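Sharing a structure here in structure tokens format.
Which chain is which? They are A, B, C, D and E, in the order written, and residues in each are numbered from 1.
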């Protein structure tokens, strides 16, 4: 379905089900979720709070085990993919370790994966440049603004060669301008590296601006209500958001969202 | 009576001075932070001296600070020998052994949820055993010299340290742990790179609490049998001989040593956990 | 449920370890007794045995192992000996009897509670002062820490004598010592608690133009409750230790401390251990009671 | 009734039977006295209590009292119910100790807390150093409250009282044959124990003196009654023991031993005994317990009035 | 400049300056700020992080003391106005006291200001209705969703008769759908009560949707770079956001923002 070459499925979910057993009874976080993400896709997940966006991403990253259905990543089980270090995961908060400098935070996965010293330094330099943080490697996280921290955490996920980038509301805590800027950079990066990206957001413009495909979800039980293919070109200046196509897609997303939303909570 | 009046005056003066300093523009400089408690302490000592002289409190009840200071200066060799016996041999070795053992136990406990559930309540129970009961038993087991004092200290510091370390090792956020998971990090990788650094503030909390416990434990244990040297020995013997100035000189040593020990741990803590919000001010 | 099972498992393991430890701990005493009773023991004299290793002795005199759990005055009493003593001195004795641990426990408990009340009251007052006055914060707090490095057992006889000399006797001197130990955790916890409201919560009250007193009653005090209870639990355990320490220089007349001492004085190890456990059980009960109270209060406050 | 507070030197036991008997039998009441008996303990210095005004009169050993007097606390002996000393050193025979000379190079348990003076005097008379094990020195342990150091063989000898700790060793199953004892009395270094002491300044008050006369009279009546009825006295002591730790057997035996020590004293201090105590203490070598002959440390005024 | 009647200045700032003394030297949080807010205005403040939005609001509420310039509120000093309880302040997080029920949280200012019991109950009922929380008065904050908590905190600010409502990113933590819903309700409330509102936000659509005037700020030092009058009518359905006027204003705001934004933080 994706443009260009023949699509190659990276993530494949069939009738995925996940129920949490809690003290107040079971919570049906995912129900009958079917989704295929192809190589090079940029898929956004949008939906009201509690609809299972995070849960789905966590299933893909083998941080959660589905209670039903099948899920394969690169043709193997998510856990096997995890062991092969197929994922870069970016959380909502930057989640940098405060006792490490920015550079050493980015080194963390490299140390764990056993890269050599010189490789580590080289890669840290590369990704710091990529996210526009050159010169800040020696600072501690709390000495940086929120936007810079978030970029550092993206750099950390990029430092090793994961094919799949999973991002759970990475820009939720940032102001709109910084967000716009990071969105632009993320698009550029995606274009350059051809990674497959799964991206959770609450912002309709963000979802529309970034994605090749937008997955709209609704809660109780968490399920997919709509999958919208974006007609926008791959080249997207920020101004694209004032075009009628963009507004049209955004409108569709909003309608889809509203349909699944109950106002009383 | 005039002395009592002076004492009241001195109190007013000290308080006024401190109010000026604490609410003044320099209140946040480290000099003032040190000066204010020192002035407070000096005021108390001054009042003590004046009241003891003014109310003619007998020496055998409460010696004046000047008498204590004199005794202190004249007994430095004895005080030093006691310090070496009690603090350096008894308290310090017990502290090191107890904290290290608690730390290793904490790692074991942390690896097994079952152990943690089972051991911590039992640990809290054991920690509630009063030292005045355990000390005689340990003296009976480990002899009269510093080894039994170290054993008492081990028993006293073990559980506070264990509880703090276990709590610290669980201190990481789910997100931090998930991050390690996505890297497929091994247990020890995530231990050394995540959980240990994150636990440091708690570990130091335990280390700090344990400093005063260690001193008290070592001194108290000497009440239940000791060689003829040591701070607890000297205190109990001196009380019997009505040499209260000596008792207070030893108390001064204990307070100085305790404060230094605590201060040292706090300083190391500041250096190690510089990143923690509580240390960033 | 799982945690009960876990605790039971750990307790069972500890008891097993305890029984095992009794053998080397008591073997020399047992062999001496056996020798006096005419049994054949290797090596034959106590002097030789003094320098022999415990495990060698066990290996060569394995017949004596059961006796290590039944000694009259063991170095380490076996668990069942302590349990039986506890049972006999609590349940089987009239609680008015001087041999009843309940009687002694009550004596200690009353001093503990009085001391705890004094210590808590003082601690809260100090904390309120520290939070509201910079001068107090800067001058008192460091000395409160120093006060905890002073071994109370050294001060105890002096406190008792000074109070005697102004005519105060009985439960109060013990309570004073127990208060001395319990005030510090309360000060620390309460200062933390009273300072726990964040800038936003304090600013909110400023926009209402609330007075300091209103800020205290409506914000600081309720916000400090969880901290208060956490430190009360530490404080009550410290109080109990203080009351027991206070019993030593008050003539060791009655109370768990006196029991400990009397047991120690007569080498009655079983009695020492049972008094020790009684004290720990009492502490556990007090902490549990406070935990219950905590849950009730916080629940009423909607915070649990 | 006039109130009198008596501070004991140790916990409630037959060592103080006379006072408990006098109380129980109403001897104090007969003298129009209302006596409060405060038991002692390991952390109580009777001299300190009386200095603080917590008691009117205290049971104390003379070495401690004289040492306190030199420290500036003017204690005066007003009566001496104990004629002889009950202190001794108890050693394992199999350690090879037969005479005081054999003590050299051994580990000895000693009571401190003001009770170490007789031992120190004895050692310095023997010319034995207490600075540690050597050819001519002993290692001294501050012994706790019980006889464990001996039983556990952590010490070769420990301090015992004839009426108490010695029997605890025996009760632990040790045969008297296995032990060697050195009584201070036999070594010629006995010091007076368990006298009644008051503050000198109080004696100047005729009312107080009168109270003490009546107190000593009633107490001695109690002591003599206890000597004659040891079993009953032991029962009375047991009734007064609030810890519930004492046993009847032990207290009856203790009463028997105590009676041997009080025998021969009508309560009045024998000046010769006093002199012997003082010279023992003065002979303390380099570090004597007292440095000069005490003045006015005792009086017979009270006993003279009480007993005649 | 506001439509309708003759404008009546409520807040008047002239050459306002505020410098914080910090360990790393002074921070110029506000510089030469000139602004007049008229009675009944809905003024939004937008700008990148650290540009002084919060600081300005806090100055108005007398929570911060300016180091230069003049500031008057209702013709008096901000502190006098605070003493007269002229402000209702809504913080970014709901900041409800967890030990009080919703109703008692709303009562808090009333208790402090000495309202009678019956007045308290009456007002609590009124505002609970106003924010659509009838029936939730007896619940504790944590039993409510984030959106409901935020409405309760608005109710708390409305309970007493403050003329001026100051809101510092009140909806920052909520998801877009809930946020839309609350925006609608806030507009309705403003229309009904005619209060003067100062509103800080990071969201351009939110600012444009709500305000009669949008103040764009930029940092280092914090200053006003643009004040945009909204041409939108007072009656604003949610759909208005897809109209060209709306998009035009949003565009202007975004341009204004971008001009004052440096990407390096």
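Going forward, contacts are C-beta pairs under 8 Å (C-beta built on N, C-alpha and C of every residue); 3 or more make two chains touch, one makes a residue touch a chain.
Bear in mind that the values here come from a model prediction, so they are computed numbers and not experimental data.
Following the contact convention of this document, no chain is adjacent to both chain A and chain E. Of the two chain pairs shown, A-B and B-D, the one joined by more C-beta contacts is B-D.
In this assembly, the C-alpha centroid of chain B lies 38 Å from the C-alpha centroid of chain D.
Once the centre of each chain is set as its mean CA position, chain D and chain E turn out to be 84 Å apart.
Each chain gets one centre point, the mean of its Cα atoms, and the points for chain B and chain C are 18 Å apart. The geometric centre of chain C is 34 Å away from that of chain D, both derived from CA atoms.
Multi-chain contact residues of chain B (touching two or more other chains): 61, 136, 140, 223-224, 236, 239. Taken residue by residue, chain E touches two or more other chains at no position, since every residue touches fewer.
In chain C, the positions touching at least two other chains are 75, 153, 157-158, 161-162, 165, 248, 261, 264.
Remark: the chains found to touch one another pair up as A-B, A-E, B-C, B-D, C-D, C-E.
Only residues 58, 61-63, 82-83, 85, 87-89, 91-93, 95, 97-101, 108-109, 111-113, 140, 160 of chain E touch chain C when the two sit together in their complex.
Across the complex, chain E is touched by residues 200-201, 203-210, 214, 218-219, 222-223, 225, 301-303 of chain C.
Against chain B, the residues of chain D that register as touching in their complex are 42-43, 45, 47-48, 51-52, 64, 67-68, 71-73, 112-116, 130, 139-146, 148-149, 152, 154. Residues of chain B that touch chain D in their complex: 58-61, 136, 139-140, 143-144, 222-228, 233, 236-237, 239-243. Put simply, chain E touches chain A in their complex at residues 48-50, 145-148, 175-178, 181, 202-204, 242, 247, 251, 254, 257-258, 261, 263-265.
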